[in-house]
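In what follows, structures are represented as structure tokens.
Two complexes, one shared chain (chain A), two partners (chain B, chain C).
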Partner chain A sequence: MVISMIGQLGRNVMHGVAKIGDATMFGLASLRLLFSRPWQGKHFVMQMYAIGVGSLIIIVITGAFTGMVLALQGYHMLVKVGTESLLGPAVALSIIRELGPVLAALMFVGRAGSSITAEIGIMRVTEQMDALEMMAVNPQARVMLTRIIACALALPLLVGIFDVVGLYAGYLIGVEMLGVNGGVYMGETIDKIDMIDIETGLTKSIYFGLLIGIICTFMGHRATATTEGVAKATTQAVMLCSVMVLILDYIITSFYL
Partner chain B sequence: MNEYKKIEMVVGVFVLIGVMSISWLAVELGQVGGLGKSGYTLKAVFEDAGGVREGSDVMLAGVGIGQVKSVILKDNEEAEMTLRINSGVQIAIDATVAIRTKGLIGEKFVRVNQGSEEEYLNEGEEFEDAESSINIEDLIAKYIFSGDAK
Partner chain C sequence: MIKIVSLNHEFGSVKALDNINLNIEKGKVTVIMGGSGSGKTTLLRLLAGLTPPTSGSIFFAGEDLAKVSRKRLYELRMRVGMVFQYSALLNSLNVYENVAFTLHEHTDLDESVIQTIVTMKLEQVGLRGFEDMMPSQLSGGMAKRVAFARALAMDPQVVFFDEPTSGLDPISAGVVSSLIHETTVKTRMTSVVVTHDVQAGLDIADHVILLWEGKVIAEGKSESIKQSDDPRVQQFIEGRPNGPIPFSRSQTAYIDDLMHKPGCVRMS
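Right after this comes the complex of A and B.
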């Protein structure tokens, strides 16, 4: 009994390691096609539209409310010790360093990542991949690569927008509603934020974008070619991406401190 | 094709907004581009640099006029600071510098006390007098021990 449980554990670990290797090779194989002809420009633009522009509204809403709630919470904490002049940097640092990249990535997984997995899964179920190959089109380049690159490019842009919207929303709540001095708020923010903070946030978002793109296309591509298979793969992809984003966030943060 | 052109346009606008957001963050908050600004450098030798770092502000009459470019040890006993002063700011040759704190526990900055001479400091010249930072711990220690002696 115990021995079979240990055996099962070993099997699971080996299976997991094999899967990570498989996904890495899959991602590298896709990225290598970046330099191959024909250049899939048109399909890339379509993906930027679906992935980037499609996620814009949810990102703006998330950013606005994150900034607002941070300002509200921060103010009530800081005002107790009379340091509400630090509200600006507190809001800006949390958004730019942590919450911007992570929350945007999580929303992005839910909005764009899930649809990538489902779309590719269904393309396989309906044998569209084979059809592409029959037409001498490399599906890895046209379907996978365009989506991975679109993720890696769209997410940093979305994080930039998230940051600006969040900072502005925080400013509105802190200055207009709670009455912190506007000049102090902005001045302290500009004083305390350095280029390294913005770099950290952007680096994170680029890695998150790549990770999400690779995991989601991989899960879609390896989904069992049935309706349930695609549903399961989509759920797994969203779950895996969310967890990996948080783990990767810790690792990158530890490098930057 | 017309439909695709529209999508292209929307994606272009999206990328533009994203890039503008990032560059606003970098320029406004990260102060990129401020490093290569024109100006001139002055030197000041302090007994104790007391927490002034590279990038700390240099202020005259409460207005920022430059930044600390470097802090190095001189002759194994003093701290030599190189200050980058914005061009257009003229500092008299008898001006002095002091290290002060923003607020009670805020960050340190270099305060320039303007002199009264008509001649001005040029590139690379040194302030004639530099007052080190006021160390609160030293003050407290002095107060406690002088109280003991009574």
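Right after this comes the complex of A and C.
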């Protein structure tokens, strides 16, 4: 009983490691096609539009409410120790370094990542991948690579928008509603935010974008070619991306302290 | 046109194709028939170079598909068209864009020239005027005809058809069958059709290949196939449920399973 459980655990771990290896190889093989002809320029732009603009509304809403709740919560904590003048930097640092990239990435997974996996899975079920192959168009370059790159470019931009909206929403709550001095709020924020903070956020968002792109295309590509298989792959892709984003977030943060 | 030499293909331990040797002639309609699981779709995928074979060679115009580079394979594919079982139209593009897809991808023709070609191909399949429809708005038969037009866009030397008549009503199936025959004669292309539709298959075929359990059991003109005295061939053509090809795939005795006899319960 115990032995078989340990055996099962071992098999699951081996299976997981093998899958990570597969996904990495798949990602690298796709990215390598970036330097091969034909150049997929037009298709990058089309994917950027589909993925990026499609996620805009949800990112703006999430950003606004994150900024608002941070200001509200932060004010009530800071005011107890009389340091509400630090509300600005508290909100700004949380958003720029952590919450912006992470929350935007999680929303992005739900909005864009899931649809990438499902779309690729369905393209496989309906033989569209084979059709591309037969029409002498490399599906890995046309379908996979364009989506991976689009994710890696769109997410940093979305995080930028998330940050701006979040900071402004925080300012509105902190200054206009709770009455912190506007000059102090802005002054402290500008004073305490360094280039390294913005760099951290940007680095995170690029890696998150790449990660989401690779995982979501990989899961779609490896989905069993049935309706059930696509459904399962989509769920797994969203779960895996969310967890990996949080793990990667910790790793990158530890490099940027 | 296509020559297959001692071709084998396995999925895990299951042997899907067993030592196949075939010659597909230029300018003819070759029909590959067989029941479900006989290996005919696998054979078509190997012929199209979508799956590499476990062993053996497929020579397309003298070049071994398993040995050519990916780049060369794509060059060869520009001379090949394929009509898939479920049409496989790209559903983000409309009919015009689907038919024009390969022309947009692989040629530098002016849009007006492409438009002319697309109009001609759609006329050929009787769907001129449907350019702006999306694949989701088409019926199965229409989608298959659009897929046919798309396969013809580059004036291919060889066109592969995977179950061209399955899932279609008798009229649409007849239309598609006669389209295949007519186009092959008119444009002198080579057609390879995989089907389990015996009547349609025998009607359009110049050459018939009958597969059973991954082996070729009969080969020749439609007439000689019809008159074959191989009981397996006759069973398939007449569609009888029982004969040398058994209806039941069960491996154990029915009575043993009903009696729950130990040792007869299949574990998988």
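We adopt the following convention: the second predicted complex is superposed on the first by the 257 of 257 C-alpha atoms of A that agree within 3 Å, B and C clash if a C-alpha of one lies under 4 Å from a C-alpha of the other, contacts with A are read in each partner's own complex, and residues count from 1 in each chain.
Basically, a contact is a pair of C-beta atoms (placed from the backbone, for glycine too) under 8 Å apart; a residue touches a chain by one contact, two chains touch by 3 or more.
If you're wondering where the values come from, they're calculated on a predicted model, not measured in any experiment.
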item: First (chain B), second (chain C), both or neither touched by A:P101; value: neither
item: Superposed model, chain A: greater residue contact from chain B or chain C; value: B
item: First, second, both or neither for A:D163, with chain B first and chain C second; value: first
item: First, second, both or neither for A:M135, with chain B first and chain C second; value: second
item: Partner chain(s) touched by A:A92 [first = chain B, second = chain C, both, neither]; value: first
item: First, second, both or neither for A:I198, with chain B first and chain C second; value: first
item: Partner chain(s) touched by A:G67 [first = chain B, second = chain C, both, neither]; value: neither
item: Overlap of the chain B and chain C footprints on chain A, listed as residue numbers; value: none
item: Residue numbers on chain B that touch chain A, as the complex places them; value: 4, 7-8, 10-11, 14-15, 17-19, 21-22, 24-26, 28-32
item: Contacting residues of chain A [partner chain B, same complex]; value: 42, 45-46, 48-49, 52-53, 56, 92, 96, 156-158, 160-161, 163-164, 189-190, 193-195, 197-198, 202
item: Complex contact set, residues of chain A against chain C; value: 38, 126-128, 130-138
item: Of all residues in chain C, those that touch chain A in their complex; value: 45, 48, 50, 70, 74-75, 77-78, 80-82, 84-86, 88-91, 101-102, 105-106
